[in-house]
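This report refers to the structure that appears directly beneath it.
Naming follows writing order (A, B, C, D and E), and every chain is counted from residue 1.
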Amino acid sequence: MANILTARNVTKTFGGLVAVNDFTLDIAENSISSVIGPNGAGKTTFFNCVTGFYKVDEGEIIFNSEQIQNRRTDVVTRKGISRTYQNIRLFSNMSAIENILVGQHPRLKTFWAEAVWKSKRFRNEELTALEEARRLLRFVGLQGMGDTLARNLPYGAQRRLEIARALASLPKLLLLDEPTAGMNPNETGEMTRFIQHLRDELGITILLIEHDMRVVMGISEQVTVLDYGSKIAEGSPKEIQSNPRVIEAYLGRGAASGLKAGKR
Amino acid sequence: MKINWKTTLRYGLIGGVSALYFSMIGMVELFAGRNLIGTTVNMGHLLLYGGMLAAGLLAARAHHQGKLAQHAVIGLVAGLSAAIPTALLVILHEFIPMQDVFVSVNNALIRFLTFERGLPGLLQFFLASGLLGLLGGLFDGIPTDYRRAVGTGLAGVAIVAVFSDLVTQVLTNLFGRASVNIFFVSKALKPVIALVLLLAIAAFVFMRDRRKANAPAAVAAAPLDKRAALRKQVILFVIIGALLAIAPWILGSFLSQVLFEVGRFVLLGLGLNIVVGYAGLLDLGYVAFFAFGAYTMGLLTTTTNLNLGGGVFNFWLALPIAVLVSVLFGVLLGFPVLSLRGDYLAIVTLGFGEIIRILALSDWLKPIMGGAQGVLFIPTPEIFGIVFDSPESMYYLVLAAALVAAFVSIRLRDSRLGRQWMAMREDEDVAEAMGINTVQTKLLAFAIGAGFSGLGGAIFAARLGNIFPHSFNLLISINALSLIIVGGLGSIPGVIVGAIALVGLPELLREFQEYRLLIYGILLIVMMLNRPEGFLPAEVFKRELHAGEITEPAEVE
Amino acid sequence: MLRRTLSRVSWVDVFLRIFQLVAAVVILIGLYKTFTTARYSSEQWATLAFAGLAQGSIYALIALGYTLVYGILLMINFAHGEIYMTGAFSTVFLAMYFNRIGFLQSSPVLAIIVLILFSAAVSTSIAVLLERIAYRPLRNAPRLIPLITAIGASFALQYTFRGLFGSQFRAYPDIAVLKGTWNILGFDVPLVQPVVFLAAVLLMVALYWFVERTKTGKAMRAVSEDKAVARLMGIDIDRIIVSTFALGGALAGAAGVFNGLFRPQGVFFLMGFFPGIKAFTAAVLGGIGNIPGAMMGGLLLGLIEALGPNLILEGLGIPAANQLKDAIAFLVLVLILIFRPQGIFGERLAEKKA
Amino acid sequence: MAMLEVHDIHTYYGNIHALKGISLEVNQGEIVTLIGANGAGKTTTLRTISGLLRPRQGTITLNGELISELPAHELVYKGIAMVPEGRGVFAKMSVQENLEMGAYHRNDKAVITSDLEYVFGLFPRLKERRRQVSGTLSGGEQQMLATGRALMSKPTLLLMDEPSMGLAPILVEGIFDTIQAINKEGTTVLLVEQNALMALSIAHRGYVLQTGQIVLTDKADKLKKDPTVQKAYLGVD
Amino acid sequence: GGGAAPLECTDAIGCVEVAAGEPIHLAYMLTVSGATATLGDDSLGGIRVALNDRPDVLGHTVELTGEDEGCSAEGGQTAGTKVAADPSVVAIVGTNCSGAAFAALPAISEAGMLMCSSSNTNPGLTDPEGGWLPGYYRTAHNDKFQGRIAAEFAYNELGARTAATIHDGSPYAQALQQVFAETFAALGGTVTFQGAVNVGDTDMRAVLTTVAADTPDILYYPIFEPEGNFITAQAAEVAGMENTILMGADGLLADTFPENSGENVVGMYLSGPYVTGATYDDFLAKWAEVIGGVPPSGFHAFAYDCTNMILDAIESVAQQGSDGTLLIGRQALRDAMTATAGFDGLTGSLTCNEYGDCATGEALAVFQITEAELNGGWPPAAIWTP
């Protein structure tokens, strides 16, 4: 399998603080991978580097054999990377369907002024876009909520809507930052299945950050562990679970044993 | 029920302070010169004793219920106490002349307050105040349906009398000058007419309320089916369209001129609405583009000033050029502010607006722009032998332009571009991460907004015939911003309502001169406090406000 | 490597750099020509500079009011210029009275202090009243709404004071002790300028200390960040917000009297409008919400206004250069903000944190 | 008499009826947990108790004193502190200043300093970052800061809204240990958690919320064994 | 006599009929809001004093209504349209600002009314090539007169050979200083600098420093308060201005000006209308009685004269019915106004020309401010008349 995303020696510093340190990562196409690590390890920072929110200080990021580091976020998105945010960032005063329509932006092609005389092309495009948005809404299980304002949706629904919005641009790679934070175990289970479903149905490569080990260990094929910005371990969930460094820095004895015990 | 004297006195004092305020700023005296009903009731009375009436009414209302006699007592006490502050002023004036400092506390005011009788006249003043307070208290006590009827009637009479200009103009246009004299003496309603009007309105309201109350509730609440609703809407549109089309004939030249002014600000508002309402970019220098439109029109069509193709272009040729120039400058001035957010943007755009005005005024560019002497002799538009030289004809021009702008606004709002703007307004970073080129999106907002404004400017120049830099000052930008927010940010009908409220109304209040802007300011505050979302808010903004809770949701990174 | 660097810059940046470059070159040419023609003596430059500093410190005092309120409510208190006017305008009558009874000349220091206190009291009351009536009910409304009530309040205050005191111009009386000159660095400077400057700086330092060090100051910063959480800390946010308005009002009131000492003429009901805009500009220039920023912004703006036209434009042969002084001030603002979108002292909005 | 008594409160967001008659009580020295699905009204309950929201109906008493009419800032003086959902750190202030804000209403300078050390002892990470501007902390670090800040007010009743959200597993354990520790030292805790299993493990009693109403209440270990609770909130199938 | 024939209107452009017992309707269009409000207040006071003088005109009272022209073209246009739409209006006093006049005039002229301005000075308004329309009159001085006279005074009387000017961006001041400069140059002098300040400026040191660089003999700044105050006061503080004579125009001819400007005002010259002592004192007394205080600016006398000229014209052309009805021919009224000659006004002897310039410039004078004015005396003595 080819690598869809490669980060090579990425370093990002804030003042004196090295948030991401000489980090190298390969993500195989059509895989589900996770990045885990203690709080403040630099996981979100790494996502921000990939999506163009941050400029990297050193290193390169290659997506589909194209360098994308330090490009503007809209450019990166149009190349096929979408993401969600650790603290949900929906367009909160827009309805669910409008959020998804905005997400479709990179796919729409008509000249903006055509809207004034409603050219045929424009009408067709709008129609299909709406169709597609409804489909996505159904896909994430929010049917019937299209006209609800994003801010009024329950928390879990907002997470799902954020994913739907990210999917709307037809990404090849989806970055999920703690998709199950703030969900109870039940909902977490649902989300896990949903992520798997995404990959299986749509063939999207998924990279996620999570602190919930049942999610991480349940669905990832590859787990990378960051600590103080540096990679301290990488491998299959099994390997990671028993890696003493990881247990020491991140899992803690209790969680590690809990995981083993709870293994199905 | 026990009477709460403290509350009563408090309301009395509030009324009294307002009466004192209006007296001390000279409003009472000036308004006293404007008769409302015959020569007996003038606007000074309205302003002064309105406070007493309100004090009585509110004090009584604060007591919830009680016997009519109690209402009367409360009202009387409130009214009397409301007279105290002003009375003190009168007494003080007797001993210490204050006119050197408080210019409005002059003999004329004192004469008005004391019924021309000097200090003894204060007795009469107290009497009048107490009476009004008593009436206010009683008013609160009478049964609701009577109260509504009488209240509406009184308000109706007051409105007709205050805005008699409007009424007389319409009457003159429809039935000739003579008809005015049936109802009015000079600007005041004839007493008999006032009484008839009061009774008519009151009777009407009373009957209507009765009918409504008797009608079975179910019928009133029955939802209209969709077809009927649509039909209703179509009819409404037709009526509005017809009214717009014949307005100048009904209204006559002055009111057409007012409509022209409203139309000009509707254009400005529609453009600014795109920038501020849709794209969320706070622009305080919006007048600059209006100036570009006006100056382009002026310089291209006039033969004086510089001979920059002077007279080569006629209005119709210059119009698109003016719009284009504005659009161009919209983009150019958009560049430097691309990276700025929120209030930084506001001040920089404000700065641009001022720079443009200062340059237009400057001696440096005088050879081109005319400096302080402005651009004179801009020809009136003309086509197929129709000369647009009157407010009536120009009204149609501005109406057409506003319709076009509104149409374009609506179409864009409902398109991808509209969504881009909205997303950018909500969260610029995320919008960009959605693949939206925010640079382009912002520039488009600036450019289109500038285009509308330039169009307005060009028409403005043609109507005025001469333009001066002073016509493009900061207040225009502020007014445009206020009107779109008062109307309801992001809403197109809102722009129109806002323009009528903040441009049309003050024009009708022109005779109140120096207090026009005071009224304008107070109006802005009152409107925002009562309807922060504006008169006709767009959906999005209604949502934003009515999520209201005690605290804002904490924003956490 | 070069290609990579190039790919990072967008055409917008290119445009802005060119814009900056052109502006810089024009300014340099102007400066060069001005200095080579040597029209003005260093004495004259010094007079201008000192006057600019004094004017700037008045801007700075007003700007602090904007910055304080902005910092805490994220709201542009558009009526702040009017708050300055109310103090200055009401106090002129007291000053005239003091002059008439001889108090102003016999014990000027005491008289001036009384005037400042009076002016500050008037401005503070108006500011607090305004907060109560026009802003507090709208605290949770979108930010443009209080901006509009502020605009409304601005008109209402202007015309209320016009109604009260008329449309005439008044002037603060001359104060004999302030008439002299002071020798600073070999230049004779009108005494009143350094006095105003120093007094203003003193006030500003006191304010800075207050906000940074005292508990109330810290509470102000907390309220400015998150009102709900601030309440959870036991902070009475209403009280804090009122204090902020009061503080801003007091400074504006003081500025009103300083202005009266320095520029006695032209006291009338619209006197607050332009200084208000200028002070707002100064606050933004320094980085709005930032106290040292407002001070530096004010001083800088004063200097630019005083020196700009003669220094830059005249050399370029522009007639009536002084007419363009505001244009220069705003242009400098634009140039600085392009370079530093957060203002001179403003906190970097960091890299966008997602 | 219970320390905190919430009696039949109804809270609204505009027209949204979020709490439909919640009644609960917390006794001195207890850890009580509220569990429920997203949007059940847990946060709203805490915000109402802490005075950030005002109930339209119903009463809340603390040690017999009616507090539902008091503004939030006065409740702090009565000993209530809250760790808000989403942390709510003062982003532009340093870590240390944030902690000091927690002790805003206290005047005992010397004790504050020792309390600061106590918090740093609980969260060494914060000590490392004490001068850093809080807005740039990672999510987990902010969570520690929020908890530490609430402790700085020396509350008698601590309201915690999802303190484990976004924390690394190793810290999750730590945070629950901390809660137990401060509880032992005499602080009463009302805890809202999605990690219901953990919450029920340390709590004495629990309430289950569903769409703004309390549907179940019991001893924590009983709830843990309740089949409906297990199915709905513990992810046991 | 009882059975007189009803009055008949034979006027080319119509008549106004004032029924018995009804007032004669005059209107004003002045700038009473905004920064120029003092101008409007001042002129309005003049009108009110005049009407107070003459409570009875041919047995009728005079009603005065008014509009704010806001000193802007658009304000003038709206106000003009509004006044023109009221056929009961006989004549108008206004506008204050020339820009407003240009925009208001078409509607007013079209409606057959006449308008007399107390402060329009733009030469174009009385120039048939430049915007004049029938029905326009003014008692204010055409800039051509005042600018010329000021320059002649400076060159011939003061012996100034170099001059600098400052205007404030108002069309009035800009035009006036331009005429001054041109005349001064034509006389043989050198104009070293023509500068400008902005309305609202308070710091004049920069522009004064520029002026000082050439040490001109005279500085002419025909502007208004408060900018004029600032220039006067700050001129004392700028090195190089010690020997420069200061001179302003009627915009500063207000009793508040000396006190507001401080000591440096002593010795300064002002050009303006020659308002003679006794009559003017009389006027001031009436002002204090009717309006209170003192006039805030320098145009009240012109407004007073305008009002009186209009009332005189009405008296001379109105046909009176036996029942007291008045019939005023509009063209006749204009003709009467144009025919005004040797009208003995507050601002001197006024004679209108066919394009409505009623102040010929003969009645202009130059005043010098002395210690007396600084201490509250007013008006200053005229030291020179052309």
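Methods note: a contact is a pair of C-beta atoms (placed from the backbone, for glycine too) under 8 Å apart; a residue touches a chain by one contact, two chains touch by 3 or more.
The shown structure was predicted, so the numbers you read here are calculated from the model rather than taken from an experiment.
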Smallest count of steps, each to a touching chain, taking chain D to chain E: 2
Comparison of B-E and B-C (more C-beta pairs in contact): B-C
Rounded Å distance between chain C and chain E, as computed from the means of their C-alpha atoms: 37
Interchain centroid distance [CA atoms averaged], chain A/chain B, Å: 50
Intercentroid distance (Cα basis), chain D paired with chain C, Å: 44
Geometric centre distance via CA averages, chain D-chain A, whole Å: 30
Multi-chain contact residues (two or more partners), chain E: 33-34, 37, 41, 169, 194, 196, 198, 293
Shared interface positions of chain C, touching two or more other chains: 10, 159, 162, 166-168, 226, 228-229, 231, 319-321, 323, 326, 352-354
Residue numbers of chain D (touch at least two other chains): 52, 84, 86, 88-89, 91, 135-136
Sites on chain C touched by chain E in the complex: 39-41, 43-44, 47-48, 51-52, 55, 159, 162, 166-171, 174, 190, 259, 263-268, 270, 273-274, 305-310, 314, 319-323, 325-326
Residues on chain B engaged by chain A in the complex (per definition of touch): 407-408, 411-412, 414-420, 422-423, 426-427, 429-438, 444, 540-541, 543-544, 547, 556-557
Interfacial residue positions of chain E with respect to chain B in the complex: 22-23, 32-34, 37, 40-41, 63, 65-68, 71-74, 77-79, 81-82, 84-85, 87, 99, 102-103, 106-107, 124, 130-131, 167, 169-171, 173-175, 194, 196, 198, 291-293
Residues of chain A that touch chain B when the two form their complex: 51-53, 72-74, 76-78, 83, 85, 87, 89, 91-94, 98, 101-103, 105-106, 108, 110, 112, 115-118, 122, 126, 149, 151-152, 165, 169
Of all residues in chain B, those that touch chain E in their complex: 99-100, 103, 106-107, 165, 169, 172, 177, 186-187, 252-254, 257-258, 261, 358, 361-363, 371-374, 376-377, 389, 391, 460, 463-471, 507, 510-511, 513-514, 516-517
